[in-house]
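A, B and C are the chain letters, set down in written order, and residue numbers restart from 1 in every chain.
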Amino acid sequence: MTALAVETTGLSRRYGRRWALSDVSLGVAAGSVVMLAGRNGSGKSTLLRVLATALRPDHGNARVAGHDVRLERDLVRRKVALLGHHSFHYEALTARENLGVAASFLGRSNDESLLARVGLEARADDPVASFSAGMRKRLALARVLLQDAEVVLLDEPYGELDPPGFALLDRVISELRSRGATVIMATHLVERGRALCDRALMLEEGRLAWSGPAALMPAEAPGGSFVP
Amino acid sequence: MNPFVAALRKDLLLQWRTRSQLVAVFVFGASALLLFSFAIGPNAAALRQFAGGFLWLALLLASTLALADSFESEMAQHALEGLLLLPADPRALYYGKAVANLLQLSLLGAALVPVMVVLYDAGTARVPALLGIIVLGAAGLSAPGTLYAAMTAQLRARNTLLPLLLFPLVVPALLGAVKATSLLILGDPMGQLGAWTMLLVAFDAIYWSLCGLVFERVVED
Amino acid sequence: MGKGVWPFVMAGLGLALLAWGSTWGLAFAPRETYMGEVQRIMYVHVPTAWNAMLVLTFAFACALVSLLRGGWTWDARLEAAIEAGVVLSGLVCIQGSIWARPTWGVWWDWDPRLTTTAVLLFAFGGILALRQFVEDPVKRAVWSAVAVVIAYVDVPLVYFSVRWWNSLHQLQSTPETVSRAFHWPLRINAFGVLFLLVGLVELRARLAFLRREAESAPPPPGRMAEALGGAPPPYGGLSTGGER
């Protein structure tokens, strides 16, 4: 049996009176590329944030890259990279400087080739405040690549990107797969997900509604609710 | 790179990039000094006597703006969370920001001194000592101020809550700084400057250690 | 949290003691030589001041335990203690003013202890305001506990700084030394306020605890866990349809 890069047991997280994640138990094999599907508000972002240790579980637990998210948070963080809804940037700094700040905390030197890789070399010295949403996404992607993580969590990465950006992301995911990283990607683009991913997980109202091979993922969650 | 150094560099770079905001805060402080002088009227002796107090009041009010600004950039795109997830040591992030704020407030205080000298006729020959008091007082504002700015930046009523929480807390530092500054301006016949300086040092020592310890609880989930 | 009636008993006992001590002090204790009838306020002022400091120390303890242990119990007690502390500090300041006005002709005499109490009133009042503005109950608990620890550590610093600051001017004394004849009503009132305080704080804490529970949803039913009698469900890839 292959090692599990991610395993959760009864994972639950609430916001006030509402359970965003409700008793989610799943496993993701190391080196696989997994699609995380579900409607808006089904808990995809929350799940990714809990796995990245940005949020703590209220009940249950999770192990990511071999470490417990509650007890070994820093060890998990060293091996996980999150591309989230917030780009983690400093608006007043340039793209190059933002990457440099991240690099300084990672204990590495700045890898400027990453800016070229994501197509930002022309705007590397412009403040991020002047960037469009798509460019910010590219910079966030560069930051994720800089982290060189074992487990990469992508939260709706295709949003805001233009067609060249889509191609870039497809390439990045293939490269991550070929170097053995585990990728979990939350996305609404079902067809793309089926093409790129090995397996799929579907969340519905905070619960795991379906899991299986990506090619077989249903368009609707079992029970008849609509998934676009 | 040492995480504290990385944090300090980041914060100094951010301050440099947003230096026009600091100029605005300085203008705010200088206007406050002007307005305070109107409260006393053109009474040269009274102005001189209360100059120290008004300098520190102006700096205290200006500090709420500067401290709140220091976390604007961290919260806009969740940059602080991004650093914590790398992972970055929260204590290093705190001390980097607190030291950067200390430098900024010291600069602000030093810049307000000439304004005070002109408006209140309140100069001193002991300039190094005055600068020392400014740094110690700014340190007293910066340590709890950075902690509370991090907290209130995550809330809706941030502009009201930061002064509400900070002002009662920094009373000892304010008293120490005001007394010490007044003694430098008006003369210190009984040699009390040392005692007030010690109070400032004690306040700073306690709060620079305590706030660094609890910062993680304030910024992590 | 507990459900017994002992807080009501304590509060009732406290009120009774307070009635006894106050009547004795206000009506029957000997008149103080120098300050006259006004001095009688000490029978209420001193017990209030002692208990204000006591409840704020209790708040500090609750904050530490809440930070170390988590859970709603100690956060509820913290909320109750902060509120009681604010109320008592406010009372101390009002009583101090009532005493100062006929004695010194001014409403406020900058006495170090009174001034420290005023600073504490604002500090803890600010923390109550903080609690109002934090929506997430867990963050509210952690942040207000941190704020209480920070504010409490400040108390000796505030006291000494105000005392040094005030000593440069003529020190107007508050009646610290109370002669023997006055001790008993003072002690009775002190315990009266204490018992009343303990009862009310406990009741207020219970209310806060219930509110915390109402704010947070109960744990979700783990259906798979129920079905398998508590064993962890198998990992991904097995279910191909239907809610688990």
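Here, contacts are C-beta pairs under 8 Å (C-beta built on N, C-alpha and C of every residue); 3 or more make two chains touch, one makes a residue touch a chain.
The model shown is predicted, which means the values in this text are computed figures rather than measured ones.
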{"item": "Central subunit by CA centre of mass proxy", "value": "B"}
{"item": "Centroid-based (C-alpha) most distant chain relative to chain A", "value": "C"}
{"item": "Averaged-CA centre spacing for the pair chain C and chain A, given as whole angstrom", "value": "46"}
{"item": "Inter-chain centre distance, chain B versus chain C - centres from mean C-alpha coordinates, in Å", "value": "30"}
{"item": "For chain A paired with chain B, centre-to-centre distance based on mean C-alpha positions, whole Å", "value": "39"}
{"item": "Junction residues of chain A, two or more chains touched", "value": "none"}
{"item": "Touch list for chain A against partner chain C, complex", "value": "4, 7, 9-10, 12, 14-19, 22-23, 25-28, 58-59, 199, 201, 204, 206-212, 216, 218, 222-223"}
{"item": "Chain C residues within the chain A interface of the complex", "value": "135-136, 215-217, 219-225, 232-233, 235-244"}
{"item": "Contact set on chain B toward chain C in their complex", "value": "144, 147, 151, 154-157, 161, 164-165, 167-169, 171-172, 175-176, 179, 195-196, 199, 202-203, 206-207, 210-211, 214, 217-218"}
{"item": "Residue ranges of chain B in contact with chain A within the complex", "value": "1, 3, 6-7, 9-10, 13-14, 17-18, 73, 76-79, 81-88, 221"}
{"item": "Contact set on chain C toward chain B in their complex", "value": "67, 119-120, 122-123, 126-127, 129-130, 133-134, 139, 142-143, 146-147, 149-151, 153-154, 157-158, 160-162, 164-165"}
